[in-house]
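Down below are the structures I want you to see.
Each of the two complexes below includes chain A, the first together with chain B, the second together with chain C.
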Partner chain A sequence: MKLPSLRIYAFAYLAFLYAPILLLPIFAFNDGTIIAFPLKGFTLDWFSQMFANDTLGRAVRNSMIIAGSTAVLATAFGIFAARAGTRFSFPGKGPIMGLIMLPLVLPEIMIGGSLLLVLLAIGIELSILTVILGHVLIATPYTIAILNTAFASLDRSLEEAAYDLGEGKLSTFRLITLPLVLPGIISSMLIAFTISLDEFIIAFFLAGNEPTLPTYIFSQLRFPKQIPMIMALGTCLVLLSIILLTIAEYVRRRGLKKTGAKDTGGFL
Partner chain B sequence: MRRSTASWGFWKTLRATSRSELPKKAPRAEKWRRAMHLASFQFPLPVLSSAMLRKRAAPQETRMAQGSPLSRLKHSEAANGLALISPTALYAILLLAAPLLTILAYSFFKDGYLTVIHEVTFENYKAVWTDPIFRAILLRSLIVSGLVTLVTVALAFPIAYFLSFHVRPDRKSLWLFLITIPFWTSYLIRVFLWKVILGYNGVINSGLKSIGLIGEGQLIEDPLQMLNTVGAIAATLAHAYAPFAILPIFVALEKIDRSLLEAGQDLGESRVMTFLRVTLPLAMPGVVAAVLIVFIPTIGDYVTPELIGGGKLPMVANMIQAQLLPLDNKPMGSAIAVSAMAVVALISLAFVFANRRYLRGPK
Partner chain C sequence: MNTRAPMIEFQDVHKYYGEYHALRGITATIRAGEFFSLLGPSGCGKTTLLRTIAGFEGISSGAVLIDGKSMENVPANKRPTNMVFQSYAIFPHLTVAQNVGFGLRRDARSKAEKDKLVEEALEMVGLKGYGPRAAHAMSGGQRQRVALARALILKPKVLLLDEPLSALDKKIREQMQVELIKLQREVGITFVLVTHDQEEALVMSDRIAVMFEGEIAQLADPETLYRRPNSRRVADFIGVMNFLPASVTGEANGHIQVEAAGLGAFEIEAAQASAAPAGGQASIGFRPETLTILYEGQTPLDRETPGTIEEVVYYGDMTYYDVKLDGVDVPVRISMRNVFGRPVLDIGTRTRVAWSPGALVLFR
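Presenting the complex of A and B:
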């Protein structure tokens, strides 16, 4: 701790990162229709209004289906890619991995817009299914990033021992590899779920008439009357995200301990 | 970051193969392998190394595999890897590469009413680039993105430095976790919160009013007008992309061999000079990655200009969305998207080229 000023700066930075989010619960419980200081009083009205809203209910259901499917599919694709990437070398690896990881930097509007063109051109009707297609695409690079660490910290001699003892490829994967990378898989599914739950642009382009949570929120933001309820909804969403992420981080660390790898940091 | 993961995978395989198989090989093969190993230390460029890899993978397969050519092919490392990656690769080709090519193709088509006329024309591009509105919007997008990138990376560097050099190793992942949480939580709501904070009756203005700083006869007469400005858009985006910039810089700093810094100081450099001449150049790959990973997505941001700019200060993404959805002029929307991406790609390449001497890797 040679430089205390750097430490102070770090804490100030954290405060700056969190400050806007801290406003959510404050106004979610505030008994006033406009979002402004001074605060009026305590109320739970906004939460009960939230639970009574039918469109919101449908949006939640859609978002859960989309996020759940995305988590499973993106992680499955991630397992293939991370396994291939960490274990094998093959021609064209760089370009192939580059293409798969491209959505990390490509603006989402490019993905949403180009998918929309293709889907309309081949005449596929927009639904939550098409949103899943897009979300899997953007979540897969993140799952690969997480799973890469899991697969890279895997001791290859364990698999070789299983082959030597007469296990086949599949049974080795099931009995040896899978249990060791399982924490990584769970953590990547949770991350993919969170990404899909929060994603707006692609859902905005590809959902057709079906509401998802972010598109519903976006549609309500222009009505000042609805804002306090959105604050309540936001509080719930942020809480849910934090819970999911905390579980993901906990599982990831346990997994690292299991394989004996050094903890080098966060998800990416 | 992408490049580093790919080359890291390559490293692992290379190291693993050379370690486990060296003793069994014939002396000539061993020499060849060692040479390759050394060579790849000298040139750790993925392109180069994958080319070399193909060369050296071939003799190994012939040695290892027995039986028919088909089973040899089935058991080769390349075939295994390709088979394993094929589901993900196929998905990316069908749902990413093909749509991007479609958007490129559409940009050369003509727009008919409710249909697209498949006839190659450069009219869209001509219209896009002669349109002063497009040029103004593109310029605004570039300024906003540039500003955001500058602010984010400048603010993020000290944090990454603090994390890498001043935080106890067992605390690092907790810090990283705390930093990444806001990044994963509802982007839309975080952007909207900035509207709430900066608005005419927003948190800042009403807060200042309630402590008596705003009002008639007070320090400030009228509430501050902060929304619908480029500055507000930049501030919101900078907040949203902050963790994006920290992570790559942190990774680069973590890779720095600490003995280099001691050497610098032993040789009489001051702490500041050691930082400038050793740490900073070695951290540059991370800084370049951070710049790209912030600059490219922010240019395509739709939500922030819409909410914070009040729709009055559109950026490129808003223009693309307007053409694709409400105006339903898909060729024009595609041409705008392709033009904007081409400009972004050119700027990014120029930036990477300008920093090429830092990206060469260890000498």
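Presenting the complex of A and C:
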């Protein structure tokens, strides 16, 4: 571990990972349209330009709706699948679980393309609803993988004990199961939200005329004049991600502390 | 309470897990107010049988009755039973008091009354004042008490316990055994205990059902089980028993004539013979403490046979001797209480062993 080359490698790795992100706020406040050093001066123009942009506003709203819905739906499906997968044995369980997890490795461009064909064939109009559909499809395998771990570490007799003490199936789930898998649910929603928020291909195929953040950003990259504003947007997104992660990690750790469970690794 | 009344009745209960026949025709009655144990090696179906009482496990055929009522179509949350789980199943996200009071959630009583019940239940299991603590921070023994209080607060007709002591270390386990017996006498509720520990079953139970491979091999009180096991298998499972080959030479008027190599011919009472003759080679069984090594000048109460000490195991209060009796092929194990002034004998010592036909069991 004392090898200097290892330390250099680690620093280089981190620099490669985070230096571009650090450039975002730098150029977001730079008073110049060209993304190059030396810096010119300080300005908030790009931010005001960003907030004044109606199309961008729409894209942000769309993306939030899509990512939020995806997080909730994919996690709900994940809960059903993970619970069934860890609690019950039924014929064909292996192949069924395998098929559910398959989108994890399928190229998104194939999923997006084939979804587009099917939707057009049955005459469903493209909208943010169709994007949600596609995003739930690709995010659900991730949520299942996360929730499987949460459900598998849940002692089955806890649910039986609640049932034995007079609770019904539903109230047992609400009072015992849900609070105990809450850290997993938070991780799952966070992952699904993130996957959806920066997903480009499916959104590009299935959104129709509606902009989402990635498709809007992509469309603006052709105009050099717009790039500083994109930098400002990127700065906001990074900030938002950090806040979101912090909150999620806080809630997750509080949940773990409350149940005395061992921390099996979160995001921060 | 009439302790003779049946509380739980199994009527030819069968249970299949797919192809696997886990319970093979269980017929038995557990009486109201008794401390009943299901004893058997791991995998014999004890937990499965217990769970058919609780309602967690459906049965394939037969019937389970509780207090005279068939439990068919009665789900677990509507049965007059509560369970202490092997893992204790303490809700880790709740406090001790919330755990204990969990079953009262659906109760119409006021909060103050419920709090009082919880406090009483905690006091009963020796956890007075522990209510506000986080349940997940309790030790193993404490969790077990919380689980007990939680199950007993609903005043069930039957308390089911699945190996409740197996996770505790020896000292605490023995202490809890005594506490559980006391508690059961105090509340008068029927306890059904699952255990694979024969000593635990003997210490705690009014009656014990010994199970092998999904069947009850013998159902009796501890003394009968120990002194008159009805098969070699039961005898072997409960405590230590010496088996010697023997042959039955006659049988009349409630007496059986037996001959065994090294021991000669003698007569026993018919009640000493295990139930069904299976044919083939018979054997007799002695518990180690029914055999006595005679010291200089001691005379046997009944019979004696000479032998040589082959092995000595010293336990402090007891010494186990393996003695090869003259004319007998296998050594017999003899346990002797160590008494002040009486030396522990050495390997190779020639000795006389006292025994009595009245203390043996005949298996055939």
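Assume the second predicted complex is superposed on the first by the 239 of 268 C-alpha atoms of A that agree within 3 Å, B and C clash if a C-alpha of one lies under 4 Å from a C-alpha of the other, contacts with A are read in each partner's own complex, and residues count from 1 in each chain.
The criterion applied here is as follows: a contact is a pair of C-beta atoms (placed from the backbone, for glycine too) under 8 Å apart; a residue touches a chain by one contact, two chains touch by 3 or more.
Quick caveat: nothing in here was measured; it's all calculated off a predicted structure.
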item: Partner chain in contact with A:Leu6 - chain B first, chain C second, else both or neither; value: first
item: First (chain B), second (chain C), both or neither touched by A:Ile176; value: second
item: Contacts of A:Asp164 with chain B and chain C, given as first, second, both or neither; value: second
item: First (chain B), second (chain C), both or neither touched by A:Gly234; value: first
item: Which of chain B and chain C A:Leu24 touches, first, second, both or neither; value: first
item: Which superposed partner A:Asp155 touches (first chain B, second chain C, both, neither); value: second
item: More chain A residues in contact - chain B or chain C; value: B
item: Which of chain B and chain C A:Leu117 touches, first, second, both or neither; value: first
item: Partner chain(s) touched by A:Thr194 [first = chain B, second = chain C, both, neither]; value: first
item: Contact footprint of chain A on chain C as seen in their complex; value: 54, 56, 76-77, 81-83, 85-87, 89, 91-93, 102-103, 105-106, 134, 136-137, 150-151, 154
item: Sites on chain A touched by chain C in the complex; value: 155, 157-158, 160-168, 176, 179-180, 255, 258-261
item: Chain A residues touching chain B - in the complex, by the definition given at the top; value: 1-3, 6-7, 9-10, 13-14, 16-18, 20-21, 23-24, 27, 34-38, 76-78, 80-81, 83-94, 96-111, 113-118, 121, 133-134, 136-137, 140, 144-145, 148, 152, 156, 191, 194-195, 197-198, 200-201, 204-205, 214, 217-218, 221, 227, 230, 234, 237-238, 241-242, 245, 249, 253, 263-268
item: Residue ranges of chain B touching chain A (in the complex, touch as defined); value: 1-3, 5-6, 8-10, 12-14, 16, 46-47, 50, 53-54, 57, 77-82, 84-89, 91-93, 95-100, 102-103, 106, 155, 158-159, 161-163, 166, 170, 172-173, 175-182, 184-190, 192-194, 196-197, 199, 201-203, 205-207, 209-210, 239, 242-243, 247, 250-251, 254, 292-293, 296-297, 299-303, 307, 317, 320-321, 324-325, 330, 333-334, 337, 341
